[in-house]
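Heads up, there are several structures right after this.
Next, two complexes with chain A in common: one pairs it with chain B, the other with chain C.
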Partner chain A sequence: MSTTLSKPARKPTRTAPRRSAVIWLSYGILVAVAVVVLLADVLAPHAPNQQDLTSVLLGPSAEHPLGTDDLGRDVLSRLLHGTRVSILAALLAVGIALVVGFPLGILAGYVGGWPDAVLMRLLDTVMAFPALVLAIGITAMLGPDITTAMVAVGVVLTPVVVRLTRAQTMAVAGQTYIEAASSFGARGVRRMILPHVVPNVVQPIVAQVAVLIGFALIAEASLSFLQLGVQPPTASWGTILARSYTFLERAPMSIFVPGAAIALTVFALNIVGEEVQRLLDPRRR
Partner chain B sequence: MRIVSAVASRLVWTVPTLLLATLVAFLLQQLIPGDQAVALAGEYATDEKLAAIRADLGLEQPVLTRYLDWIGGVVTGDLGTSYRTGQPVAEIVLDRLPVTLLLTLLALLIAIAIGVPSGVAAAQRPGTWVDRLFTTAATAGIAIPNFWLGMMLIAVFAVQLGWFPGPGGVDFADDPGNALRALVLPSVALGMVGSAEICRQVRSAMIENLGSDYVRTLRATGLSHWSIVWRHALKNSSLPLATILGIQVSHLVGGAVVVEAVFGLSGIGSLVVEATNQRDYIVIQAVVLLAAVIVLVTNLVVDISYRLLDPRIS
Partner chain C sequence: MTALMRLDDVSVRFPVGRRRSVSAVDGVSLDVVAGQTLGLIGESGSGKSTLARAMLGLVPTATGSVSWMGEDVAAMSRQRRRAFTGEVQMVFQDPHSALDPRRRVRQSVREPLDVLGRGARDERDDLARRALADVGLPAHLHDRYPHQLSGGQKQRVNIARALVTRPRLLVCDESVAALDVALQAEILNLLGDLKDEYDLTVVFISHDLGVVGHISDRVAVMYLGKLVETAMADVLLDTPRHPYTEALLSARPDVNETGAGERIILRGDVPSPLAPPTGCRFHPRCLHATPACATDLPVLVPVEDGGASACLRVAELYGPGPVDTSVMGGAR
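Take a look at the complex of A and B:
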């Protein structure tokens, strides 16, 4: 213990400046992504699907800042519109996971007993499947398109939300204030769960949401790359990558920008997720 | 004897999950919207053809009967027959499995080879620039989609430099040397994300161990720093390492699907994509189940390894 006690004295001063630089950069990236999602139509110089076969695979120019693809479509415009599609898709998947997983997690954690045992067994089974493989299986059966793909990603994310919510609920359920509330006659969803349990369970889930969105973004890109998600000609990060991969040898740089967009956004989400977790953790204040 | 009872007790836990997994894999078919026969034969198929397909697949029978039929076959190694090629599904899958297993194994080795030393290095002085460099790099590594990394590797090392073969798999039977060379870039693409996750786990486990009392005692006996790090602290970090390796196998099998597609490797990943395009549902079902079996077997091995690594766990 003595080593850990002596260290914090110098740690904050040495880590604080650069750590916060990465965090501010991450906030910046997420704000930029949010702006693109809201204003893709305004920001894009061209229509995303507008073809011009007289100007295919052009390099960067004033008219096409990121050049054009093999059908003469403006890469920047496709990227901006694709950002909107990818982010909304990821939000849909995470939204499904939260709407299904959060109540189930509270139920399992608060009620316990056989509902908990049955649910956990089922979730263990779902988690035995590699997430992407199960998502592909579900998408393949439902018929490939972006909604089914994101429902599938939502399904594979649900156990993560349930487990986290359940663990937190179990921790909260043993607290004295819950006992106190219950001795005052609080029970049921409206008098016990909503006012006393939910507010104390929500925090770690909030921190996890950023990480889940990051996972969903990569899943969207993967499924769309395999033509199981967003369908051409609609632009998304995955479909743009899939398309530009087919002319890799003629324009190797064209794969760089969409991939970097994914990587930077997911990086920012993970950093912000960690930061939110740190800020919400009362022990670290 | 300890091992035998450990294996037995874990098997008791694994078998029900395995059975449930077969049920999940089977029930995926129930998700097919509308009539499966129409989905297979197309909208313009004649009624006789549809009836033939239904009879062939036993679609008129209740779901439970069909499940029991299928699971009876699965137990004996009969996964059914592909509707598209007429080949036994087990044969198709076994034909594709070695590439995926080899790719996953190589990726896991790369992930360990990079992840463990960098996690150890980062844990030496927590909070310093070395640590920050590794942890930031690890966070960045987790954020990079493996298939994009694969494309970038192809663009640089196959297209520009020509050091490795580009996409398009090589048959092992024809040319083992070149086939192995063709697996280098995909394994790196797949293993990088894993190395980042391993780095983070090893780092936190090592920091905890290096700050503990037994390490202080070892230092007092005059043992050199690196011998404490490698021989004692890392050994005591092997439980979290085993856990993360188990999780990695699941991630790698999932990631292999996309990486195989990028590199044109004919493993079970590209098989499931082909089967999806051809609506060969029974093949999809088999691959999904096989992936779960790989993960469950890995979890079993990890659970048993806990007992081997730490005698206190019983």
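Take a look at the complex of A and C:
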């Protein structure tokens, strides 16, 4: 305390607490993933599906930094292209869950009454199924294809978004500032929902989105691993895993690399989600 | 004495469970006289806040009508209704939760103008700033968020937001209850000044007799959703004409007259509004109750000095009423 006392001239200003290395690392991982998604074609040293049967299951070398798989395809190139497929698939699923779930959650939470009751019972039915099993069921019915698979995952994720949005909306709808707004005639989507309800509801949803993207990434990997998602020869994190699983003993590299990519991305998403929630808190401004 | 707003037999019911409802406000008739400050007192759960919300049309009325300058609010056209909304504004109890935490206070004050389409778009910011200046909020605080202001400053913002549409009637729902005593006095004085400046009529709801007595011209006392007495403020504080008002007044701490006037201790609690007592709602706790009080429903009858009391024994207990019963206008 003596140091503060010795410098009385310094005005006490509120500064944001130092972000820890973990948060910066997480931002770094997500930026790297985004760059790969955008520039996979430029970054990849080889075409992802180009086979070279004279050099199969090689270890790391200058030409193939992460080795080759059982058909002689460059693992690094497949990983980079697979990143794009996996991330876009996860975004599709979460996008569907948000576009469907967020307005429904606001509706259920703000309007209440019978629309709320009907919607919630329907969603309880969806939630009663184990998420991945339902996704597998839907994909098996409609035929294996990554778009169908991720739409199915999106359907599975929708109740999570609806429930969270609804709970948050109900809390916000009971606030006095909502009543105050209606006391001077604010109602409807343009004057009430968009300016007052949505901004106060959105904070925990944003944090949840990061967690959901993580879940969707793992779901993509699981479904592709089961041959229900991305179809060969297209590379994705899941298909690389599935393929290299067979040759685990001879070429372990190609199973660890996509595994690590999934783990690191999900980890970074969780940390960043928490950080974004903190940043969105109005009390920080 | 013209009635700016007239409540006629207004009841507000809230559904509880299936086919049951609770009457938060039951058959209240009241005039809000232009230029006067009407104090509305009663203990928690007596229906004061619900009555205030009924005045603004924030809760639907089950029976009766609210009329604004002679026009039934429920029958108003959309356009008239918008004008009415701008002319009747409310200041809420909790200054903090009444402001959207994600908006700067200037945006919050500007919002009624946007919603009601008042003034030119580019002038609204100026109007908002002027309203904030009128309530004494320094200019450097206009772009703050609510959590960066103190309770008193936030309540000033709430008052500015209520005044920005230039209303004629301001309803203050326990507007100083959440503030400490020094701030209460500050905000009450501010309201007094603004009342003159903006030519306001004020309905002031409180459970604090001192506060109501200080700023009101006329006082209405509520018990369990019913109006039990109305009178001019000084008359009511001096000579209450309803046993409940009497009990309320005797509970007021008085630093000047220690021991003077015995304190009336009411028996029991406020009955549940789900099953209000028959007859006079106050009879189970009343010191002067007779068997008739349990069966007969008292109505507001005019008493001396332009007040009215809903007690069956008002003449017996407090002397005869005025001979001329046509002074009902003042009695309402």
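Before moving on, here are some points about what is shown:
Just so we're on the same page, the second predicted complex is superposed on the first by the 258 of 285 C-alpha atoms of A that agree within 3 Å, B and C clash if a C-alpha of one lies under 4 Å from a C-alpha of the other, contacts with A are read in each partner's own complex, and residues count from 1 in each chain.
Simple rule for what comes next: contacts are C-beta pairs under 8 Å (C-beta built on N, C-alpha and C of every residue); 3 or more make two chains touch, one makes a residue touch a chain.
Given the structure is predicted, the values throughout are model-derived calculations rather than measurements.
Annotation for the three-chain superposition on chain A: chain B and chain C fit side by side. Which of chain B and chain C touches more residues of chain A: that partner is B.
Touch criterion met: A:182 reaches chain C, while chain B stays clear of it.
Of the two partner chains, neither chain B nor chain C is touched by A:272.
Once the two complexes are laid over each other on the shared chain, residue contacts for A:155 go to neither chain B nor chain C. In the overlay built on the shared chain, the residue A:196 is in contact with chain C alone; chain B does not reach it.
Once chain A of one complex is fitted onto chain A of the other, the partner contacts of A:92 are absent, as it touches neither chain B nor chain C.
Judged by the touch definition given at the top, the superposed model places A:107 against neither chain B nor chain C. Taking every C-alpha of chain B against every C-alpha of chain C after the fit on chain A, the minimum distance is 19 Å. Against chain A, the residues of chain C that register as touching in their complex are 56, 58, 82, 85-86, 89-90, 92-94, 97-103, 111-112, 115-116, 145, 147, 158, 161, 165.
Interface residues of chain A, counted against chain C in their complex, comprise 175-177, 179-186, 191, 195-196, 199-200, 282-283, 285. The residues of chain A lying in touch with chain B in their complex are 1-4, 7, 11, 14-15, 18-19, 22, 121-122, 124-126, 128-134, 136-144, 214, 218, 221-222, 225-228, 241, 245, 248-249, 252, 255-256, 258-259, 262-267, 269-271, 274.
On the side of chain B, the complex with chain A involves touching residues 16-17, 20-21, 24-25, 28-29, 31-33, 126-129, 132, 136, 139-140, 142-145, 147-149, 151-152, 154-155, 159-160, 210-211, 213, 216, 250-251, 253-255, 257-258, 261-262, 272-273, 275-277, 279, 281, 284-285, 287-288, 291-292, 295-296, 299.
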